[in-house]
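Each chain carries a letter (A, B, C and D) given by its place in the written order, and its residues are counted from 1.
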Amino acid sequence: MSEGPDEVTLQRKAKGKRPFYFSDPDVDRLLSMVMALTGELSVTRDRLDTLERVARAKGLFSASDIETYQLTDSDMEERAARHRAIFKEVTRIIVGELEDLEDRDEQDYRAVVDQVENDG
Amino acid sequence: MSEGPDEVTLQRKAKGKRPFYFSDPDVDRLLSMVMALTGELSVTRDRLDTLERVARAKGLFSASDIETYQLTDSDMEERAARHRAIFKEVTRIIVGELEDLEDRDEQDYRAVVDQVENDG
Amino acid sequence: MSIAYKEQHVHDALPETSHDELARQHFVRSFKEHLVTALHPGLKTAYEKRAKPRFVAEHQREPQSIQEVGQVMKQDSHYQAWSSLLRTSQEMMWSAAQIPVERAIADLAAQAAATPKIGSLRLDPDLQIPSYHTAVDIHCQPGGYHTEYIDNDVAQGAIYDRAVYIYAMGQMGVNNADMGDSTVAWLKQEHPDFKPTRILDMGCAVGHSTLPYASGFEGAEVHAIDVAAPMLRHAHARASSMGLPVHFSQQNAESTDFEDNSFDLVVSHILLHETSSAAIKNVIRECHRVLKPGGMMLHVETPPYEGMEPFDTFIFDWDSENNNEPFWRKSHLLDLEALARDAGFQSHTPIQIMVPSAFQETQRSNTFQGGDFGGGGVWFVYGCQK
Amino acid sequence: MSIAYKEQHVHDALPETSHDELARQHFVRSFKEHLVTALHPGLKTAYEKRAKPRFVAEHQREPQSIQEVGQVMKQDSHYQAWSSLLRTSQEMMWSAAQIPVERAIADLAAQAAATPKIGSLRLDPDLQIPSYHTAVDIHCQPGGYHTEYIDNDVAQGAIYDRAVYIYAMGQMGVNNADMGDSTVAWLKQEHPDFKPTRILDMGCAVGHSTLPYASGFEGAEVHAIDVAAPMLRHAHARASSMGLPVHFSQQNAESTDFEDNSFDLVVSHILLHETSSAAIKNVIRECHRVLKPGGMMLHVETPPYEGMEPFDTFIFDWDSENNNEPFWRKSHLLDLEALARDAGFQSHTPIQIMVPSAFQETQRSNTFQGGDFGGGGVWFVYGCQK
């Protein structure tokens, strides 16, 4: 048993071998991470929802102000730019591999190690 | 055809066998879930964006108040705690497998079943 | 299908939850609802259209057992996704219930200790936790029922209390009392003259099924036992905060220190499937020993597999391999008549009936997750008069 | 590369969308833009640097056909990711367009029925939906063009109307009218003396390509046919709300009830590739039958494969295997001269030209998704004078 309240960390994994279901267990691992992420997004949405309710209760603005707000094409331009930024981040790994193909004749990494290890 | 408006559920999957692209079709499924999640995150960002525009229109606060807000170190402490909480959730399955390795002599699950089934 | 929303009754023994902690719990509840309503029905379709035909093509007959259904279903992509998600929802449920408790563990222990108590609490630090509770953490609660992290710890109880509500998606009422409520309602209807004055609830956990007996049979002396101290500490604080006197003690239902012939009614709620082949015999024998002649034993469980279609059995049996319920399958295949008879119940025929949920009709949705309890709208009751 | 943002013109037949429903649609549009601008260009790189060398190493020559390019590209990680994402974007597009329509389906039907109408609408409940529309849902719209969920249903039309805008990323103008606009502009420039007084648009869907003829040739009687009732109901309400009289009728372009020699101009827009080898012959023959002598037939499509590089053809052909366009490939490989001649067009040489998009230059970005239409900045027009 632990001493102070600060140091208490609960056991987070149930004892008992965890079953995996997909032919590749890494798919189970990724799916678990995706659902955890979905949970965190839902928490964020709920916080935003509460914020809207608080604002309404204080007479500041309400969900219906948000629903009826008229976005201009130039507002949308700014949003589309943010969408692009999100995509860029999310698909970075895919695009990155192409940068390698396009711009560089990528050396085998092992060869680079050999070179720096053995150049003196 | 359905009767009342409440009961109408549109067909959501197009007729026609869906092609899969990765060597493991479960990767296509995960990718689809990740993009759907990215979509829902984008929707959330857009809602927050509209909220900021509404607040500005009502003279409450604006995006630039957010941009220029000076976070203190103690604010950042709180945020870092939340980041940790998010990570903990998202990587739970990975960390959990290590708990098994570290703390326990895990019995094979089948052996546990045999034991409780056949001890009397 | 949508399930009417009703939040758990916030009694004094539950932890405070921040906005986001609560939102995380609500998400898990919704996740489970979605699995039940949107993905569960597809299992039957996947079986009929994809898995079964594969079996039939190979064997020129339909699958006839859990194992044979499993052979083909475990390769089915919908079953795989559903199972992986259901297991994940279970892990997220425990985690979401753990977070506020982990944060406030010391406060919760202090608060439970400080609650003015009615009834009583008797702990036995020397009690051996049975191996069927230590081999794996039952239904995946990390640390099981019994683990203690600090002195006077109530953490596992506080977590379990909240998780049961999330798991059942509110379908067991605001106090998770449906199993007790349903049994009390059935007893009063079927045995209006039965007025138990001394009642024992075995494997009471946080006492969520115990309290209906304390409120339902006024003046009765209600005892409740469990092997897990954190459950009992939480249960005592919880019952006290609700003004219901129960005498909790840390004992194994296989062998208690109660006197022979001392109870009118002995009950348990989803206890039997969390024991073992040897233990279940001991439990029933113990029930017989402590019951007064003419007294009643009643165990609330989910229905036995006998007479079920192989596919339904396979789904109902999901928890046995996937939710750390190692005795689940065997417990649903037992000869319950013989079990009672061998334990000494020889004057009366054992009861094996389906009892309707006491939870108000409009709130019930007939939704099971895997095979596990909560929201089915009906409970299986096994028992016998001594 | 960024594409200037312009939102679809919100005419009266479109559903109301909540903030988040709209945001979800905007996301899909951005998703498609990103695929086109950030991931599509890499296909060529992946082919040149990775896939083609693999083929050459094995065969000592370059790939020469769609099939041979596919052999190596389908194993390329970038092609796999791009394809999986493009297919996903298509599924998300339909879903995002469906959500507000599903919610408001009854209101939309009532609203369309209540719209004061100009022109006319003639439905034929007995019309047989051709098998090339029922075998799979073309370009992955769940339910295809024709499915009806309630009486007077316009759902598939309202969904299609919005989805086309998202699909084309606004590159067909605020009313999705670019195919009609471009053809009308080309006609007026190349044939300034041609003044059709009776015009037929075949396979009009929601009439988005039809209306430019109604507004562009003042006083002309414009007819538009489609096999799908929900498209036509929506099209009629849509055209009426825009003040343009069109006579819609539910007919199969292979065999209509119009009189011989009765139209000056018969057009279609991306219709031909959604038929079949037999049907396309019937359609061209029907065009010839209903056209007045000297009348003009014009079909707007994407360019034939002839003369394209194998890699470009493979990419352009993506929809045929991946977006439920089963006739896409074959329709791009037809002998269009023979097709016209065999249908009776023997006095004039068939037209096979590229027509520049009428959509203002600055808005065009020369972006294709797979091979499908929208934003290419150019249309292929196939036709013939009778």
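What we mean here is this: a residue touches a chain if its C-beta (ideal position, glycine included) is under 8 Å from a C-beta of that chain, and two chains touch if they have at least 3 such contacts.
Quick caveat, the model's predicted, so the values are computed rather than measured.
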| item | value |
| --- | --- |
| Chain pair, B-D or B-C, that carries the greater number of C-beta contacts | B-D |
| Equivalent-chain rotation between subunit D and subunit C, CA atoms, steps of 5 degrees | 120 |
| Interface copy of A-C among A-D, B-C or B-D, judged by whether over half of the contact pairs recur | B-D |
| Most distant chain from subunit C by Cα centroid | D |
| Separation of subunit B from subunit D, taking each centre as the mean of its C-alpha atoms, in whole Å | 36 |
| Length of the line joining the C-alpha centres of subunit C and subunit D, rounded to whole Å | 58 |
| Gap in Å, rounded to a whole number, between the CA centres of subunit B and subunit A | 8 |
| Distance between the centres, which are taken as Cα means, of subunit C and subunit B, whole angstrom | 29 |
| Sequence positions of subunit A contacting 2 or more other chains | 11-13, 15-16, 18-19, 22, 27-28, 31-32, 36, 38-40, 66, 69, 79, 83, 87 |
| Set of subunit D residues in contact with two or more other chains | 19, 26-27, 30-31, 81, 85 |
| Subunit A-touching residues of subunit C, taken from the complex the two chains share | 19-20, 23-24, 26-28, 30-31, 74, 79-81, 83-85, 87-89, 91-92, 94-96, 98, 101-102, 105-107, 135-137, 140-144, 147-151, 153, 155, 321-322, 324 |
| Partner subunit C, residues of subunit B touching it in the complex | 25-26, 29, 82, 85, 89, 92-93, 96, 107, 109, 112-113, 115-120 |
| Of all residues in subunit A, those that touch subunit D in their complex | 66-67, 69, 73-74, 76-77, 79-81, 83-84, 87-88, 91, 94-95, 97-98, 101-102 |
| Touch list for subunit B against partner subunit D, complex | 1-5, 8-16, 18-22, 27-28, 31-32, 35-36, 38-40, 42-43, 46-47, 50 |
| Residue ranges of subunit C touching subunit B (in the complex, touch as defined) | 20, 24, 77, 80-81, 88, 91-92, 95, 99, 131-132, 135-136, 275-281, 320-321, 324, 326-327, 329-330 |
